[in-house]
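Look for chain A in each of the two complexes below; its partner is chain B in the first and chain C in the second.
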Partner chain A sequence: MDFFIQQLMTGLSIGSILLLVALGLAIIYGSMGVINMAHGEFVMLGAYGAWAMNAYFGLGLLASLAFVFVGVGAFGFAVERGVIRFLYRRPLDTILATWGIGVMLQQAVRLFAGGELRYVEMPSLLSGTVSVFGVIVPGYRVFIFLFVAALFLVTWFLMFRTSFGTRLRAVVQDRQTAMCFGVNADRVYSLTFAYGAGLAGLAGALVAPLKSVSPEMGGAYVVDAFFVVVLGGVQSLFGTVASAALLGQMSGSLAYLANDTIAKALVLLAIIVLIRFRPQGLFATKVRS
Partner chain B sequence: MTMKRRSFLKGAAATGAIVATGFPHIWNKNMDLARAADGEIKVGVLFSLTGTTGIIEESLNKATLLAIEEINDAGGINGMRLVPIVEDPASDPATFAEKARKLVVGDKCVSVFGSYTSASRKAVLPVFERRDNLYWYPTLYEGRECSKNVIYTGAVPNQQQNEFIPWLVQNFGKKFYLIGSNYIYPKEENNYCKKMLESLGGEVVNEEYVPLGHSEFSSVINKIRSSEPNVIFSTVVGDSVVALHRQYRAAGLDPQKMPMASLTTSENEVAAMGGEAAAGHFTSAPYFMVHDSPENERFVAAYKRRWGDDKVTHFVSEPSYFQVHLFKQAVEQLAPSDITPPTIREAVKGQELMAPQGRIRVDPESLHTWLWPKIAMARADGQFEVLTSSSDWLLPEPYAAYPGQSCTEAGLVQK
Partner chain C sequence: MTRPISALRGAGEARLQFALYAAVCLAIFLVPLAVGDDFLLNRYARYLVLGMVAMALSLSWGYAGILNLGQALSFGLGSYCMAMALKLGTVPVHTGSDGLPDFMVWNNVETLPWFWVPFHSTAFAILAGIAVPVLVACVLGWFIFRGRVTGVFVAIITLATLVVANLLIIDRQPYTGGFNGITDLAQLSLFGFTFDAYSKSTYYLVAACLTVSLFACLALTRSKAGLILQAIRDDERRVRFFGYDVAAYKMLALAVSAAVAGLAGMLYTVVMEFASPTFLDVSLSLSIVIWCAVGGRQSLLGAMLGAILIAGMQGALSESEAFLDTWMLVMGAIFVTVVLVLPNGLAGLVSAGAHRLAAMLASRDPRRGETVHLGKPAEDRP
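This part shows the complex of A and B:
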């Protein structure tokens, strides 16, 4: 029984990290339909942001989160205004452009911060372990889980309970009609992109103490994020949660029963099979195209 | 200091000139025989300065250049200057082969110092074997290679494990959990580890491999918890080392009861994971930066003076450094008209040298190096504490895990 709970917790933890990384992409790709290949690099920028805040201003991880969110969000805003908005009707060009932005970001970070692995300290408050239902769980993983849950609620509230969210959903459903009703679609898109980028930045800062920080770290995260969003069903926030939870439990338990190499392969296979029989993902929202 | 930089710049300018003029060899073909013409000896330096392994290889490049500058500042080799020709193979095995060909065929280097990964060494091997040139390889590696065109100055499995495994069994217990990255090096090291454990009556509770670059170790840690090993024997490499150590610590596991024993965690990795995540875990290698010897003191001081105070030396940069001095010692014995890769190989056989780690010797049979294994514990300040040092230098046995096979002057022999 202990073992079962232990594995359940591990799956939840892996799932919460997946959701954390995918949430920003779910907003950007899900709502705006922009295939943002630089998402992993936004995550990387967040991790370096946390590192820089500590190295240059002596700020701890928790204190730097707000700065990272605003900083990476502002960068996302600039990217949307400077590049993405010219490419809304050209999905292939968007892929190329965002890929290029990603490569440039990697090299820029390499130039300014150096290419060696960096180190972000875990807040000492959270570096202990806690006992949940009788099993030992790292305190920091519990923190990430709670943080992601809160972040999800905030995002849901923003999308479904504020006038900004209403306008965004209106633009997503029918841009022309929404504009006829006086919605500034450009502005809505810029802010949405900025918010998604900010979320990616937060993800980077939060995973940094558990993993390693390097200019190339984004590659693994962007792949995971796309898996989660595509499997969950584009445009469905709850689908993203469900798919992150499912993938987390799957990779956790398969890695326990076999090993991580096999787990990775089987999870990929499962995604391919699922997408084959349900191309719209687990949850689909009806949208006029 | 300024003097050194100036002479280095001169060397670099000479390198640039050679590259810029293209193919001067077309018209001085007759001078090919004497490769040390004009009082200069050209050597290649082939470490990636960019790409995935660029960071670590850059430190090897720096250690190599430091040794070359030291030799030139002290009057060269029998009055001849060493001219380093630096190439950047960008962490790509195919580029390694291409640059190696350029150094050997185009620049007519008599030796090339290079490579960190086994993949890149395997890629350049045909170039050196076809031209009967010499490649000096500083990295610890999995063994199972026997080329008369490579001088191996890093450790092979028996040199890292012969003393380490019994020591671990004695101090912590017989149950081992083997975890490595999924490629050839960890598998070969684990093969040897299993053999050692068998002879010591030890037990392997699990052996598993994670994908390269893997960073989620929750399930591995659960398995470690439930199988309760005495020692976690880790050959995980790169970013994964950092993630594994951090998550081990976050999970509240205790290095005093269940330490990680690693063959791949050096001062570099410790700096990347933070001292407190590394503290209390063990590494076996022939060299640690804190090793107490006059040669090492000189090496560390010179390295910091040349490349910056915050730089660390580690168990791959040390061989990168001493192998150039080994090259010098061998070439010193040759007449200037007789400096060719095969004569250098003959001269380096049995050559001994006071390296930072201790007195080392090139084995005349296998061209691997006799080294001084040490066991050290990482400390929270990012350095290691050397706990035991072997009492004698240790014979390299590149085929230690394969009874009946050995590397001799005639090549690989099956008994």
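This part shows the complex of A and C:
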């Protein structure tokens, strides 16, 4: 029994980090149809933000979260204004352009912050362990889990209970009609992109204490996060949660049964087959095309 | 808006295009007369190989609208096929019985695995280097296109397939050399002639293969099948309503592209003298897409020259002191600009110029006023 709970906890932990990274991507891809290949680099920027806040201003990780969110969000806003908005009619080209942006970000960070690995300290308050159902779990993992849950609720509230969310959903459903009703579609898109980027920044800051921070760290996250979004189904926030949980549990248990590499390959194969038969994702909501 | 080069359909313009392609190939063959340095020739041969694989992508992406983010898969498979044969032909230093490759000995493999055995024959390896990528492309194409999966999802599936193959090759170290790849290879010898990687002979081998595949692809794009592929790119549903088997044509494009990429992969092993998992990693695969986009995805020649130009620039810039740290930054900026401003790449720019020139000439000659334009301006569909 203990073994199953242990396995479940590993899966939940992987899943919560996946969801943390995927949430921003899901919002951007789901509502704007933009595949943001620079998402991993936004995550990386967030991690470096947390590091810089600590190195230059002596701020702890928790205190720097707000600054990271606003900073990376503002950067996302600029990217949307400067590049993405010209490409809404060419979705495949957004893959290429955002990849180019990602390459530039990596190199710029390497130039300004150095290519060596950086480390962000875990808040001392959270560095202990907690016992959950008789299983010892690192406190920081529990914190991430709770934080992601809270973040998800905030996002859901923003999407479905505020006037901004209503406007965004209106633009997604029918841009022309929404604009006729006085919705500033360009502005809605810019803010959405900024919010998604800000979430990526938060994700980077939060995973920074778990792994070392390097200019290349984003690549590892973006692919996984992308599969979470595709699996979950575009425009379905709950689908994203479900698929992050599913992928987390799958990676956790496959890694136990086979080795890490084979586990990853098997998960990818499962995703390939899934996309082939259900391109709309597992939990897609019905949308008029 | 720039028109695709394929829209140049007048007989005169077709001849002009043919002459342009021939002139570029001739120039490639003349390079060794000016460059005596074998080291430089080896490097140029490398760029030509990269040009070949970008040209292959242009066939599937620019002409058929299939954004294959896993182009490096065909390339890598070809490269490993050649490396396996050359490894078995090498003079063994650290081997077990029966000339077992050294890395297998290190990994405690006792006998040669069954799928390595046929690679004692170079002819088999060359055949496999083309047949294996084509087979993989056909299976993948059948899987994707029979299900009418399109657009972004094709890009994701091909990318995921590439990652899976890359992971497996790195993981199965005893049979593939794992992370280190296959190194210490013999030189390729065909019909009793040995190709030294640092010599004119290898350069000419690459140039000849490039020329043949370039013209073969050009012939395909000018055939009826090529026209149907372009029609599929522009409006897939309409072509299906006309009764054409869209999936079969897309598979054809993917397979031919894979064959050329496989051939390029084999040549890459000959030129580089090793094979490594980096030949089928995501960053190379995305680089191929970039070369193709910058050169002009809808022009075989443009994509090829784009690859040669950028790979050459990368080689030069990353070596000079001043650009050591910034060339990636420069490349990224160039790339974003090209995607934003020149959706058809440099070739699109040249083509637009040619069209303007042709229009100017036509206004003087009333008989040539009518030009037939096939296809809409490039616009990707979701």
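Just so it is clear, the second predicted complex is superposed on the first by the 289 of 289 C-alpha atoms of A that agree within 3 Å, B and C clash if a C-alpha of one lies under 4 Å from a C-alpha of the other, contacts with A are read in each partner's own complex, and residues count from 1 in each chain.
In the analysis below, a residue touches a chain if its C-beta (ideal position, glycine included) is under 8 Å from a C-beta of that chain, and two chains touch if they have at least 3 such contacts.
These numbers were taken from a predicted model, which means no experiment stands behind them.
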{"item": "Fit or clash - chain C, chain B, common chain A", "value": "fit"}
{"item": "Which superposed partner A:Glu216 touches (first chain B, second chain C, both, neither)", "value": "first"}
{"item": "Touching partner for A:Asn259 - first (chain B), second (chain C), both, neither", "value": "both"}
{"item": "Contacts of A:Thr162 with chain B and chain C, given as first, second, both or neither", "value": "neither"}
{"item": "Which superposed partner A:Thr177 touches (first chain B, second chain C, both, neither)", "value": "neither"}
{"item": "Contacts of A:Gln106 with chain B and chain C, given as first, second, both or neither", "value": "second"}
{"item": "C-alpha centroid angle, chain C to chain B via chain A, nearest 10°", "value": "60"}
{"item": "First (chain B), second (chain C), both or neither touched by A:Met122", "value": "first"}
{"item": "Which superposed partner A:Ser13 touches (first chain B, second chain C, both, neither)", "value": "first"}
{"item": "Touching partner for A:Leu96 - first (chain B), second (chain C), both, neither", "value": "second"}
{"item": "Chain B versus chain C - smallest C-alpha distance in the overlay, whole Å", "value": "5"}
{"item": "Touching both chain C and chain B, counted on chain A across the two superposed complexes", "value": "259, 261, 264"}
{"item": "Chain A-facing residues of chain C, complex", "value": "67, 143-144, 147, 149, 151-153, 155-157, 160-161, 163-164, 167-168, 170-171, 282, 286, 289-290, 293, 325-326, 328-329, 331-333, 335-336, 339-340, 343, 379-380, 382"}
{"item": "Chain B contact footprint on chain A (complex, rising order)", "value": "3, 6-7, 10, 13-14, 17, 115-119, 121-122, 127-129, 136, 138-141, 209-212, 214, 216-217, 220, 251-253, 255-256, 259-261, 263-264"}
{"item": "Residues of chain B that touch chain A when the two form their complex", "value": "52, 54-55, 182, 208-211, 213-216, 218-220, 222-223, 225-226, 239, 242-243, 246-247, 249-252, 268, 271-274"}
{"item": "Residue ranges of chain A touching chain C (in the complex, touch as defined)", "value": "33, 35, 83, 86-87, 89-93, 95-97, 99-104, 106-108, 110-111, 219, 223, 226-227, 230, 259, 261-262, 264-265, 268-269, 271-272, 275-277, 279"}
